[in-house]
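Each of the next two complexes has chain A plus one other chain: chain B in the first, chain C in the second.
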Partner chain A sequence: MSERSPLLYVFLLVPVGYLVSLIGFPILYNLVMSLQEVNLGNIDTLWRPFLGLQNYRDALADPTFRKVFVNTLVFVSANVIGQVGIGCLVAVAFTRDFAGAHFLRGLLLAAWLLPALVVGTVWKWLFATQSGVINYFLASLGLIASPVHWLSDPSMAMTALNIAHIWFGMPFSMILIAAALTSIPDELYEAAALDGAGVLARFRFVTLPAISPALLAVACLVTISSLRAFDVIFAMTHGGPLDSTNVLPLFSYQASFQDFDFGHGAAIGMFAFVIVFAVALLYVRLAYREQEL
Partner chain B sequence: MRRRDFLLHGAAAGAALANAPAFAQAPKTVSLWHIYNNDSDMIHLGIRKFHEAQTDYRIEQRLVPYVQINPELIRAIATGSPPDLVTINDPDLASYSSQGQFTDLTDRVAASKVIDVNKYFKGPQTSDRWKGRQYSVAREVNTLSLYYNVDMFRAKGLDPDKPPTTWSELAAAAEKLADPAKGVYGLGFAAQQSEQSTFQWLPWLWQAGGSIDKLDQPEAAEALGFWADLVQRKLTSRDVINQPQGDVMSAFLAGNSAMVVNGPWELPRFRREVKFEWRVTLLPVKDGRNIRASSLGGFHFAIPKGAKEVDGAFRVIEAMSDPALFREGWSASGLLAPRSDIEIADPAWPQAYAVFREQMKTAIQRGPHPQWSQLSRPIQTAIQEALTGTKPAAQALKEAAAKIQPILARTPL
Partner chain C sequence: MRHRAPPGWAARHWPALIAWAGVAIYLFPIYWMIVSGFKTQAEIFADPPTLIPHDPTLEAFHYVLVRENILRYLRNSVMIALPVTVITVCLAAIGAYAMSRLRTRLVDAALIAVLLLQVFPEALLATPVFIIFKSIGLVNTIPAVVLATSTRSLAFALVILRPMFRQVPIELEEASRVDGCTTLQTFLQIVVPLMRVPLMVVAAITFAQAYGQFVYPLTLLSSHELQPGTVGIYGFIGAEVSDWHRVMAFASLFVLPILALFLLLQNKIVSGITAGALK
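== the complex of A and B ==
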């Protein structure tokens, strides 16, 4: 079709050029590094020993890598379910428009605005075994007999981290879902109520189907941002104890910037990239579907 | 302006410039990357004095946060635009110098009238060298000693003039001082899963007669077992496995830990935060062994390969190695001079100063080894496993040894 003017391609050159040079090139460079042996001696040249897939094989053979990979999956799943689920419930609660709703919503958003390092540090203090506020409240409510070792017990640390990170990211989901909720016409709820549907049934049959495209899109976005989580974990636990909160981005950072084995770090990064890419593709597909609907 | 006027003005300016007399060359810029965001650190005084003393060079400083100095330097090296001068942490030096990323300073140091290498402590001397050549110059040193709360000692009937000198005395004192009802622990140390725990544990390993290449031997197991035992008996909080040294000191200052193992860089906090009488003493030795040892830390100046102003950068290093600056460094930031001949007439925290200087005589550097991080990480894992009770200390260390020994076989310490 000659309806597309050639000027269109000239204009397209700018965003495509930007994407290729600033996003595509680093990813390609990372892929190349992951196939080489890169250390402090040859980081400044492109000519490095070719290792093929050795970095990947080393990663898969490392039991710590397997633990980190599983941690990442657990962390991401918990965050998606937690952030989207709680965000959805909170958003629905706010449609009720009670006194102080605006103020409370603003307060919740403030959590999301905090720098990640601050969030990690504050939650570290909250979860401290002896002097932490959380143990204090749990004990005074009679819910625990002795202080819980939130961050010094390898089996509890991930739970503590998830709580902190879900708190941090939930406002984002809440805002997006709240926006989707406003597009549901009130007549649908009235009709359902007239048909005898209770609160839960209205939620299941009116609200959920209407916001499911938005829910899925939010879930994809939360997945992607969880796969990049670094600062909160670095500040809260440094990946410990015993790598129980170590995730792929932090592990890749440790390999590259502490062990100075950049090829290995790049390979670990590629694992995270593949997952993020798959999820991002899914998100784009869903976004298209939402447009067409 | 009309074109003719413009040309006339241009010609006049050009003639003036060509005749410009005493301005000679504009000063050359030496780019310095350092981590000292504390305004009172001696580096700022050093920069001022350098500018006052000469006009050939001007320092352009860039502040880089402590955790980012390595990534930033690596990025600069990778893109071919390194700074002229950079401050690097002690255990990382060998990684750079073994790969040829630092300029060889041996001849310049030998010819220098300011830097007398023989006056430096053995520890930083060793870290500054790789295969017989010198690649960096120590800026400051620090080490670990035992802080103790004198008020708590007196309250529990312990004599503050006779602090623990052996491990068994330390454990006994910790037991007396611990007060679970008030949330007070006897002893604190840092066991976070990072270089901090290795830094804190190595003195105990060395004092037990162990060494990094022999972690599968009983001496190492005794050293780690001592730590694990303290945690198990609740004389040390389990939370130490998540605490860096700053948090451990916070616990001491808040009165939650009667004694802590820590370094002099924390002393400036005492100006505002301490509410009790305190002292420092040498790290207790192991009963029967009497080997005195502690860790060595500190930052060093290095000139990356490819720096444009090598001569200028070295002159800055000389300016920063002025003994007058070292005296300032202690009072401002609790940083010790890397030279054994520096005396401060009226130091801040005199009791602590005397103890840390004494401890410096037996401070041992980590490595130097180009893969120090890969030696340190299995040690961190073993510490965490033993302190959480996941594995007995001996087994945890055997597994760490299995990871460390192949690396040491390729490149010995």
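== the complex of A and C ==
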């Protein structure tokens, strides 16, 4: 019997309406702003000089925008590969049952629950050129001869940022992958073992096919969360040096709140909105299909 | 796969030993944050760095408590995170309950709308949200930050709670209705008490995320008196790059409530996330 109380419809629509008014409406407003000239002088009125697509043309003509766009792709790809790859290995490693396995695996989630700004701050200190503990470890292992300028060398900063952000996000990806692993029936492994499949063959032919839909969904979630990254970058490098770690959301933020050219920031934002939205559509399709099984 | 034979102690325990070592290395950054706060200015720059402080001191903690006004920052963080948690838990509870009880296409549409809306980065939304709040005079107030931040965890909360609410047996609700209770009374008196634990998990995660919110307070608050701990730490790294022991003392004190919450609820948080993620 299904309950048709009108109150249930109110219950359903209130949270949706809340999100529509606090996210949906600002996105529409952002679209309008991206077609206008918006500066500190005309914030309070909606009747601002109409620029058409000028803000978009300016963005596309800016060589920094192209650099930032490429950086965004590099950052997101590195995080998807790093978080899903490492997360998968760690999740599989924890399927061996030993004392404290569940507790230890859950403990990793502490990294994910930390405020992103704190994560960025701590990694900035770990990566410090002088007295940074990472340079110390690498030097004492004989891997580097002189201190690496992790955050001030434009060719190293993205690597440092990726390491920090993969560290931050991997535990969450790992927990989701671990959940998918528990749904694989033991009989599949037993049958494979009878056929003489080794550890690697079992992973390749049993585990991987069984969890690949889940891996794809996690990859979408990592893409979405990496496109959201701001705090870690802001704390570690501020997008520098020479924009080598700048990504679309940060670049948009800088246009709005450092140059006070809000229309330009809104236009840059629209590019990122479209990308995020496309990935989100893919994720919803995947999640929806999983659910109907 | 089960163990084959019971060999010696080391052979039986090596997976556990490797796992403990691996997790310890993984969480080293958190350890390093905490111990750095106990070092002196001289020791923080010691070469080689000391893995355990030789001369542990509370000087840095004292400094951030007295000179950096950390308590004011912490109070502001809590004043943002608490209302955000209340709003999110209430909205997610009613939404998830409706989603678990209504059988119409509207539920799917609502869920998809929520999932699609929550993906947009705060750093991008900051531009229109700032302009909108500025034009209605809401900028530089705590409610502005609360409203903006409360959108962050709502979708996640709904996704976690919906399968939990499904588990409440419908017979219980029918019995309550036979007793003459309205839908609202049934929800508040029967369903919510049964959902205590999942609601607590959602509250804990929401609190942690709102407590660590950075973009919205950075953008929407201009007066120092209102700024939360994240903005405080950020200002601190900008101003005194070399004072890493003090920055780390500040960061350690700031994350203390989050780490405590996590250690208390670790198991429930993990199972809450996996239950929500799978369905």
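Brief remarks follow.
Keep this in mind: the second predicted complex is superposed on the first by the 268 of 293 C-alpha atoms of A that agree within 3 Å, B and C clash if a C-alpha of one lies under 4 Å from a C-alpha of the other, contacts with A are read in each partner's own complex, and residues count from 1 in each chain.
As a working rule, a residue touches a chain if its C-beta (ideal position, glycine included) is under 8 Å from a C-beta of that chain, and two chains touch if they have at least 3 such contacts.
Being a predicted model, the structure only gives us computed values, none of them experimental.
With both complexes brought onto chain A, simultaneous placement of chain B and chain C is prevented by a clash.
With both complexes placed on chain A, chain A has more residues touched by C than by the other of chain B and chain C. When both complexes are overlaid on chain A, the residue A:Lys124 reaches chain B and chain C alike. Look at A:Ala116: by the touch rule set out above, it reaches chain C but stays clear of chain B.
In the superposition on chain A, contact of A:Asn39 is made with chain B only, not with chain C. Looking at the shared chain after the overlay, A:Phe260 reaches chain B, while chain C stays out of its contact range. After overlaying the two complexes on the shared chain, residue contacts for A:Asp58 are found with neither chain B nor chain C.
Between chain C and chain B, the overlap after aligning on chain A sits in one stretch of 26-34, 98-106 or 224-232, namely 224-232. In the superposition on the C-alpha atoms of chain A, the part of chain A touched by chain B in one complex and by chain C in the other spans residues 43-44, 124, 128, 130-131, 257. Residue ranges of chain A in contact with chain B, taken from their complex: 39-41, 43-44, 124, 128-131, 149, 151-154, 157, 237-243, 257-260.
On chain C, the positions that touch chain A within their shared complex are 1, 13, 15-16, 19-20, 22-23, 26-27, 29-30, 32-33, 36, 44-49, 91-92, 94-95, 97-99, 101-103, 106-108, 110, 112-132, 134-135, 147-148, 150-151, 154-155, 158, 170, 173-174, 182-184, 187, 205, 208, 211-215, 219, 229-230, 233-234, 237, 244, 247-248, 251, 254-255, 258-259, 262, 266-267, 269-270, 273-274, 277-279.
Contact residues of chain B toward chain A in the complex are 70-71, 74, 77-80, 95-96, 99-101, 183, 192-195, 237-242, 244, 254, 256, 306, 371, 373-374, 377, 381, 384-385, 388, 390. For chain A in complex with chain C, the touching residues are 1-3, 5, 7-9, 11-16, 18-20, 22-27, 29-30, 33, 38, 43-45, 93-94, 96, 98-111, 113-119, 121-126, 128, 130-131, 133, 136, 140, 167, 172, 175-176, 178-180, 183, 189, 193, 224, 227-228, 230-231, 234-235, 248-250, 252-253, 256-257, 262, 265-266, 269, 272-273, 276-277, 279-281, 283-284, 287-288, 291.
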